[in-house]
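First chain written, first letter: the chains are A, B, C and D, and each begins at residue 1.
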Amino acid sequence: MLDLIEVTKRFDETPPALEDISFHMGRGEFVVLTGPNQAGKTTLLKLITMEETVTSGEIIFDQLSSRTIKKKQIPLLRRKIGRIYPDFRLINDLNIFDNIALCLRIGGGKENKVKNRVHQVMEKVGLSGKKGWFPGQLSAGEKQRAACARAIAHDPLLLLADEPTLNLDEKSSDEVLRWLQQINLLGTAVLHATRDFHPDQHNHIRTIKMEKGRLI
Amino acid sequence: MRDSYLIKQAIYGIFQRWKANLTLVGCLASSFLVLAIFLLITLNLQNITEKLKGEAQIEVYLLDGITPEQIVLLRSTIQGYPEVEKVIFKSKEEAATQMEDYLGKEILKGLDSNPLPASFQVSLREEQRKFPIISRVSSEIQNLDGVEEVEFGREWLSKLDNAWSVFLTVDWIFGILVTLSVVLIVSNFIRVTVLSQTESIRVMKLLGASWKDIHLPLLLQGMILSGLGGLLGLLLTRGGYALFPIKSASLTFLSFHMMLGLVLGGMILGGGSSLWSIKKLV
Amino acid sequence: MRDSYLIKQAIYGIFQRWKANLTLVGCLASSFLVLAIFLLITLNLQNITEKLKGEAQIEVYLLDGITPEQIVLLRSTIQGYPEVEKVIFKSKEEAATQMEDYLGKEILKGLDSNPLPASFQVSLREEQRKFPIISRVSSEIQNLDGVEEVEFGREWLSKLDNAWSVFLTVDWIFGILVTLSVVLIVSNFIRVTVLSQTESIRVMKLLGASWKDIHLPLLLQGMILSGLGGLLGLLLTRGGYALFPIKSASLTFLSFHMMLGLVLGGMILGGGSSLWSIKKLV
Amino acid sequence: MLDLIEVTKRFDETPPALEDISFHMGRGEFVVLTGPNQAGKTTLLKLITMEETVTSGEIIFDQLSSRTIKKKQIPLLRRKIGRIYPDFRLINDLNIFDNIALCLRIGGGKENKVKNRVHQVMEKVGLSGKKGWFPGQLSAGEKQRAACARAIAHDPLLLLADEPTLNLDEKSSDEVLRWLQQINLLGTAVLHATRDFHPDQHNHIRTIKMEKGRLI
């Protein structure tokens, strides 16, 4: 489903942010991508969603190749992906309900179906009391929950979670990690990028380690 | 996204930031107001000039020895011109009476004969009252039998025409500048509105929003806000016109087509600015 | 912070965002341009009206039996009025010659005596050529010995005065609206500039910046940007004026004081808008 | 130097964010303030810098009381405090040098003294190569370093560090914690608010634990 073939990404500065990265992810797989600051984790996720273009090599996601994809197809590709950002990226002008409904609406869902699904996920992440609230009124923990809900509402093929527990205490972190596993059980492949991963807790999970733009 | 949702969202967005949008519409309205007043002044000055020109008549002085039959013939010839509306005859006696009224009884007292000629006052149809036409008709009449001289206030008319063409030059320059200002101001204000949504736009694109999802709401918002600005500007102009201290039948307001053009122009300008701002943003 | 640093920072900030500030100054300039052109048109129309009024002369018709001594006396009396600039004498004979030139030789041929009176043409000093003064001087002359009648184109002058007062009403309304638009537009543009620095302002306050540290740079930026807008608007107006197709000695540009007032007004407006925007922000 | 006396802070919502908090910090002390999400750590720091006003109780910092302080004195109070924010709050329009110089300049320092001091701290945090760079060009780790440098450049009486290691990997985290201790040794009191504090590593440090707005 997701294939990276000798992917290299170079910004203007000389040392490349990513160098010669190759790996495969199958449908419904759960992968943790770990590495220190500047390892290139976020850059890798950006390449997958085509926010950045590959310098050399190729990324193939669901039969769409980074070499041959047309500009018009990029939105279609992104609609198959769920994304959790470390800084949430909720839209401040929209209330929590509309924020979570965003991916569903972009997918062109009918309003009553959208409503049902959003209520369902808000219940799941424990935000059902805050439908009309705006992101500015929520605590970091609650924003993180909303961001998760938005990313999983449309049952994406692949969920890219970049530091989804950065702003959470241990209890909430564990909860979010549990959700990631739950959605994975429902068939979504999950790529979880994080700095502080403690392999002893989850040693049954496939882990990819990076440092300075290379797999190690 | 579904069109119904996009349209709903565009309108909802305007109400959501109603405070900012109110100032926005106010600023746009004040720009459009200046434009509308400019058009109004131009239009009315043009009307007044046309009216003044319309008062221009051709005086046809007849030869002294002319017979009544010749006069009737001449009159019907002149009346037969397609440009001519009305021909009034002034006999030698009427001319003398008018002269006496003007300069005093004594002026003609001692003369053996009345030195003043009989004349026709010829006025043209309204749509023909232009300097070149008056000039041409005059010289045609000049060549008719029994006509001694033709006068039509050549100097005054050409002065008016000159003044009008000077004014038109100034008016065009000023008009272009006012229009340019309006375009500059509207596009910049709309740009600021679009820029205030930079973050939303970025996030929407990351989540897979299509070209239409991004552009349609902002296009609509630009059109609505700028159109409202134009409409409000027009309403204010209309209000000011209603309160205007000098009333006259010759004053007119902008025609329906001009008003429509102003509002539609505003909407196109607003929408265009929106699209252009998004283009520069992405 | 040290004043030197604050001032440096304000100016540096303008150059740093030179692209945005260039459009800003352009938009402000176009607003000021409209205002300046408005002032220019008003000023020149006023000049032209004054000049037209200046051509108004007082015709003093003398009694028929007046002696040359009386004429000399009368002349020196009229010449003695402080308002009077020049007195020209026209004898009965000159009047007759002019009449004949105008209406033909025959007109006065049969008369026993010349019916036309001798007269003075009195013109006033430039600064006195106003309807009420002309009217007053005329009635004073009317009461002098040897004067039969005084005429000064009362009707024409009062028509001109009326037209001018109508124009002044329109002009005032339009001027107020243009000024309001300029104020609205300038203040909004400056507000946007200040708002774009919201984050910096917040952080500075958190780090212990004083009132002056926050306000001085933004005040300066508002004043400089708006002042530049005013200056550019003026320069463009001056350029347009230089290229203007009709040249005439009676056309004048804005006086130095008006230009200074425009630019200073712009600076005060810009600075005030800055302060007001910060106030609403904090 | 810093005294909190029965401080309570209530926002519009019913449960108070802080309730009946009292503690004392002496000159040059190092205190870690720890607790899960929503504990009230950030709110407590905001009360100290007068970003928020106390609902009841009193805070006394360097002889200035929250009860009697005048609006004009607040900037003076803030200039004695260094502040590290979890989201950095660097000014995007200023380059790194000017950002770090900010507190010194606000204090009214002469330009040549400011320059010397800024060069000194930039060297210390390892940013001397990036003087002319802007915050947008830096990685999270570098921004965090710059934020630290800004907070310590003017030798504050008290340093309030809110999650200063949030965006850092373990190596960089340890480095930042070392700087906090170094500046503490030079006489600055440090109040370090953090969620994930592991007391076994630093058990010689005074720790204040909070939960749901109360000390525990």
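Please note the rule applied: a residue touches a chain if its C-beta (ideal position, glycine included) is under 8 Å from a C-beta of that chain, and two chains touch if they have at least 3 such contacts.
Being a predicted model, the structure only gives us computed values, none of them experimental.
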Neighbouring chains common to chain A and chain B, by label: none
Chain of greatest Cα-centre distance to chain C: A
Centroid distance [mean C-alpha coordinates] between chain D and chain C, Å: 62
Chain centre separation (chain B, chain C; CA means) in Å: 25
Inter-chain centre distance, chain B versus chain D - centres from mean C-alpha coordinates, in Å: 68
Two or more partner chains touched - positions in chain A: none
Per-residue overlap in chain C, given as positions that touch at least 2 other chains: none
Topology of the chain contact graph, where touching chains are joined (line, ring, star, complete, other): ring
Chain-to-chain touches, reported pairwise for every pair that qualifies: A-B, A-D, B-C, C-D
Residue ranges of chain D touching chain C (in the complex, touch as defined): 49, 51, 72, 74-79, 81, 83, 89-94, 102-103, 105-108, 110-111, 150
Of all residues in chain B, those that touch chain A in their complex: 1-2, 5, 13, 16-17, 197, 199-200, 203-211, 213
Residues on chain A engaged by chain D in the complex (per definition of touch): 36-38, 139-141, 166-172, 195-196
Contact footprint of chain B on chain C as seen in their complex: 23-24, 26-27, 30-31, 33-34, 37, 41, 103-104, 106-107, 109-112, 115, 166, 169-170, 173-174, 177-178, 180-181, 184-185, 188-189, 192, 240, 244-246
